[in-house]
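Naming follows writing order (A, B, C and D), and every chain is counted from residue 1.
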Amino acid sequence: MLFFAFLSFEVLWMTRANLLSRLRSAGVRNILVRNLISEFVGTFLLVFIGTCNVAQFHLGREKTTTWIGVNIGWGFAIMFSVMATAKLSGLEEQSIITCSSGGHLNPAVSILFWSFGHLPGLWLVLYSVVQTAGAFLAAMCMYLYYYEAFDQYDSGIRAIAGPTGTAVVFCSYPAPYLGYFTPYLDQIIGTGILAYFLCVVIDEKNKVPKVWHPMIFGFLVMMIGTAFGMNLGYPINPARDLGPRLFSVFTHGSGVFSTPYPSYFLAPIIGPLVGALFGGWLYQVSLGMHIPDDAGTRELEEPIQEQEEKLLEKP
Amino acid sequence: MLFFAFLSFEVLWMTRANLLSRLRSAGVRNILVRNLISEFVGTFLLVFIGTCNVAQFHLGREKTTTWIGVNIGWGFAIMFSVMATAKLSGLEEQSIITCSSGGHLNPAVSILFWSFGHLPGLWLVLYSVVQTAGAFLAAMCMYLYYYEAFDQYDSGIRAIAGPTGTAVVFCSYPAPYLGYFTPYLDQIIGTGILAYFLCVVIDEKNKVPKVWHPMIFGFLVMMIGTAFGMNLGYPINPARDLGPRLFSVFTHGSGVFSTPYPSYFLAPIIGPLVGALFGGWLYQVSLGMHIPDDAGTRELEEPIQEQEEKLLEKP
Amino acid sequence: MLFFAFLSFEVLWMTRANLLSRLRSAGVRNILVRNLISEFVGTFLLVFIGTCNVAQFHLGREKTTTWIGVNIGWGFAIMFSVMATAKLSGLEEQSIITCSSGGHLNPAVSILFWSFGHLPGLWLVLYSVVQTAGAFLAAMCMYLYYYEAFDQYDSGIRAIAGPTGTAVVFCSYPAPYLGYFTPYLDQIIGTGILAYFLCVVIDEKNKVPKVWHPMIFGFLVMMIGTAFGMNLGYPINPARDLGPRLFSVFTHGSGVFSTPYPSYFLAPIIGPLVGALFGGWLYQVSLGMHIPDDAGTRELEEPIQEQEEKLLEKP
Amino acid sequence: MLFFAFLSFEVLWMTRANLLSRLRSAGVRNILVRNLISEFVGTFLLVFIGTCNVAQFHLGREKTTTWIGVNIGWGFAIMFSVMATAKLSGLEEQSIITCSSGGHLNPAVSILFWSFGHLPGLWLVLYSVVQTAGAFLAAMCMYLYYYEAFDQYDSGIRAIAGPTGTAVVFCSYPAPYLGYFTPYLDQIIGTGILAYFLCVVIDEKNKVPKVWHPMIFGFLVMMIGTAFGMNLGYPINPARDLGPRLFSVFTHGSGVFSTPYPSYFLAPIIGPLVGALFGGWLYQVSLGMHIPDDAGTRELEEPIQEQEEKLLEKP
């Protein structure tokens, strides 16, 4: 009797173990599909953890988590999301996309790599769409996770702003003292800093070991939060802002797109895209191009057309 | 005279030095016993440091340590406990358990490795028991260490909740706004995040150096604390919650198992077990299986039966 | 039609990619000019991020960012600025400047390397000038970035001190309890600690891996902020203090050079220069010279004259 | 004229450069003297930075630096002090002291290495004396550095305790709720945790890279501060407590040795010594001796007598 129980248990165990092996050899092999899965999942993780962090900060009336906890939490959210997707979105066998090792998780990062010629235009569009979709789903999960905390904060009546306003948990709203142009400036500078140092880190001439990249990106976002967070709360990522904002239409009504004024929601979309291009190319012009050669640049000087052709054949 | 004093001192010194050498060659060599010692000691260290951290936060009326101090303290408690046991619970000479390098210190982590086929079912049960025992002993030591701080907080009358309530130092209690199902959801999500990124880190395809693992697990728990701590205070570990709760029966009475309602205590036991399975397998399905092969997977594809047989012969 | 659109898009893309390659092979190759660009840009980045951090702390009335956020933010600002310029100001092919790998970004650091014989005197002067210019520009950008936050803080009337005073965002002012000599002492000690541990880190005998240097310098400045920040707010960098002070003449009037008393502004200029020499040589005398040799010192013992001649030929 | 000015400048520069080279080849070569210098300087740095940190916390009325800033600051003070002395106190060419790589900076650490047979008894005594002397000098420098901040806090009348009490800046005093025995228990546990994980880190079987040690010791002290700081403020180092206490006799009177009761000052001396022995050997018994061999233990099993003889010949 006991023997049979043991035997059946062992059979179950072996099956289970084989399941993992079989699973791991059945992964998607189409590069574009694989990368889109990776960008979707990575952005989901980033925005789910990040908005839960903001929810704990805001719904806890800034008594539990304080601002430094928001900075550190978002930083680690970046670190772990990038670590999870680092080996997927960046494809070493396809030299054309080498520089974009690690998940982008941010349309602003994707547009920068597109502008460097490391990402085809179609991919940029698809990346941006799945990133936004991931952020949308993340906002939904965050809402379910903290549903009762929302209720406790506003007694069940969702308000966008005011003393029981909770829309800020989902996406950015400008500080009351800001004018119409400043949100754009804020996002261009904030995302510019992100893109500038992103290029520092991934520039092979700077010899930052690849294994450090996720942690350094986390520290980078911590730094941005301590210095550029007062105006808008550093969204610096169109998907992170638009995805949850779209979801919050279902919870807070369409006013989320017209608060505090109708076109505000465009600033954390357009601003980061412009800022990433600005910051990334500013690095190349101000420092990157002057770093003395000692290998590491060869890859960038390969004839792009050949790479292009290879890429178009594949997916 | 002085010469003899010097001589006897030197003899004592040599003996002492030889003692260390002799000690270090007399360690337990049975793998299961060794791992159980390691899990017991590691969970003891983790929970002792962690509950002392919570005591300092709570008994100091949140004036000394603030929430960010709780997050950082628990994170480092994980880092150092895992570092201390990393070379014991994970046995490199036995390939079947390779993936579980480092101490589990958490039945939820053990059940995940069991589900991957890296830990026999009997071991899972034994691990969980010694982990809970270690956490029980840790709560006792914490209580002795901070006995006078408890007295100063509640004037010697132990209360579970209320203005002088101290039961929360031992184990988790739900925030007042939570319903009956939410604690389960909270633990499934929180432990799911833990298990998801645990699998990211130990997946050899992601090439995270082994020497970094303890520190990264520490950062991971810091992140969880900043984002998923408001509902229950992130126990995410059945042993960490049940062990101290059992001990607090002696100090706070059996009410600790019926506060705020009789079945609550099951949530931080069942939730993490389900959440770890959910998060760990979700990683394999959502990202792990799609990562392109370049070695690192071979080990997982070795015939599990052969490994099984080897394992059953030994202990 | 669509085909042509796609074609023109692809042409644009290729051009863009070639642009990056061409750009990167067109960098400045004169070592002195290159280093001056690097010092200018690096100090700009450091002071821009750092003063934005202080602005968020001060203009947010210390409610958003707290002091620990200032410490962590300035630390990471150092880390990333040094990382960005590490491969430019330090030139490995020119052994005479090997020790000064990484951007100095601080005239006090430059004078220390000059005193070690690793930097010609003319270069020291030029470095200091461009560092101060970079800090001046950084203050201007910070002012534009947080213009509306300034207005919201003081209703548009810039005051140096008092309840709506904002000059402290730009540069250091002494705590009210300080005497005339103490600011010098403060800066000598603070910059001395910086220079002492800077020498620990770059001393090759201590074998701190080069790739760690930026992060360790960041931690170093975090430490200084937690221990030596109460008197003046740890400027410890003449360029970081003088550059923004010069700019604040345009916004706050010339009173910034006579507050709280006329000669104060000299303390955070002279103090750091003296302190860096004091700290750096104290390291060499107290610890550095006693570390047992095992390579790593050879480079320092090369005949300096030969290196000198090589250097004078080049730029 | 200008030519001669330039020439004389260059001569000065070369001399200066040669000065560094000559200095660095003139270091003390006697191992014991060298180590004593290193222990003195290292403990000076540690206690100077650490007590300045406490001064900023206490004299700033806990408004500037908060408790987390104290934890992080002390942690980095450990990290940088150990980094500065890591290559001096630990002598790789003398295998008998290999395990004690890095500065001890703490008589409790020295007694632990003595008990392991890695440090002769006479050295232990000398180390303890110079460590305490370094801490004494550090307290003096801290007092000079923050002299005006002291005056501003207590209007020039130094008090040990009470609303203007400042003795706590120098050394530990027990929380008012503590009994006579608890300070000993507190120090045994706190230093026990320090010694336990110190042994984890330096045990070569655990394969923690040497270059990480200073940073990990820093994290360890951060962790201890978040969990074991409420009772006494974690001195966990007899030199760190006794040295500044001796100095504070000159500033606060001999009452510092009888507050709150005459024998208190012995607790942070005896407690750490006992705690380090307890924690270090507990590690060896509970985990260290069970870690499977794969090299790394050989060194410990070398005949101690031979090493002993070698050592006695040398200094």
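Everything below uses one rule, namely that a contact is a pair of C-beta atoms (placed from the backbone, for glycine too) under 8 Å apart; a residue touches a chain by one contact, two chains touch by 3 or more.
Molecules present, by chain and UniProt name: A, B, C, D = Channel protein, MIP family.
Everything numeric here is computed off the predicted structure, so don't read it as measured data.
Between subunit B (Channel protein, MIP family) and subunit C (Channel protein, MIP family), the least number of touching-chain steps is 2. Greatest Cα centroid separation from subunit A (Channel protein, MIP family): this falls to D. Matching CA atoms, the turn from subunit C (Channel protein, MIP family) to subunit D (Channel protein, MIP family) amounts to 90°, rounded to the nearest 5.
In whole angstrom, the spacing between the mean C-alpha positions of subunit A (Channel protein, MIP family) and subunit B (Channel protein, MIP family) is 30. Between subunit A (Channel protein, MIP family) and subunit D (Channel protein, MIP family), the centres computed from C-alpha atoms are 42 Å apart. Residue positions 66, 68 of subunit A (Channel protein, MIP family) are each in touch with at least two other chains. Pairwise chain contacts present here: A-B, A-C, B-D, C-D [touch as defined].
Of all residues in subunit D (Channel protein, MIP family), those touching subunit B (Channel protein, MIP family) in their complex are 66-68, 71, 114-118, 120-121, 175, 177-179, 182, 185-186, 189, 193, 196-197, 200-201, 205-209, 212, 216, 219-220, 222-223, 226-231, 283-292, 297, 300-301, 304-305, 308.
Partner subunit A (Channel protein, MIP family) is touched in their complex by these residues of subunit C (Channel protein, MIP family): 9-10, 13-14, 16-18, 20-21, 23-29, 34, 37-38, 41, 45, 49-50, 52-53, 55-56, 59-60, 64-66, 68-70, 72-73, 76-77, 79-80, 83-88, 91, 93, 141, 144-149, 151-152, 211, 215.
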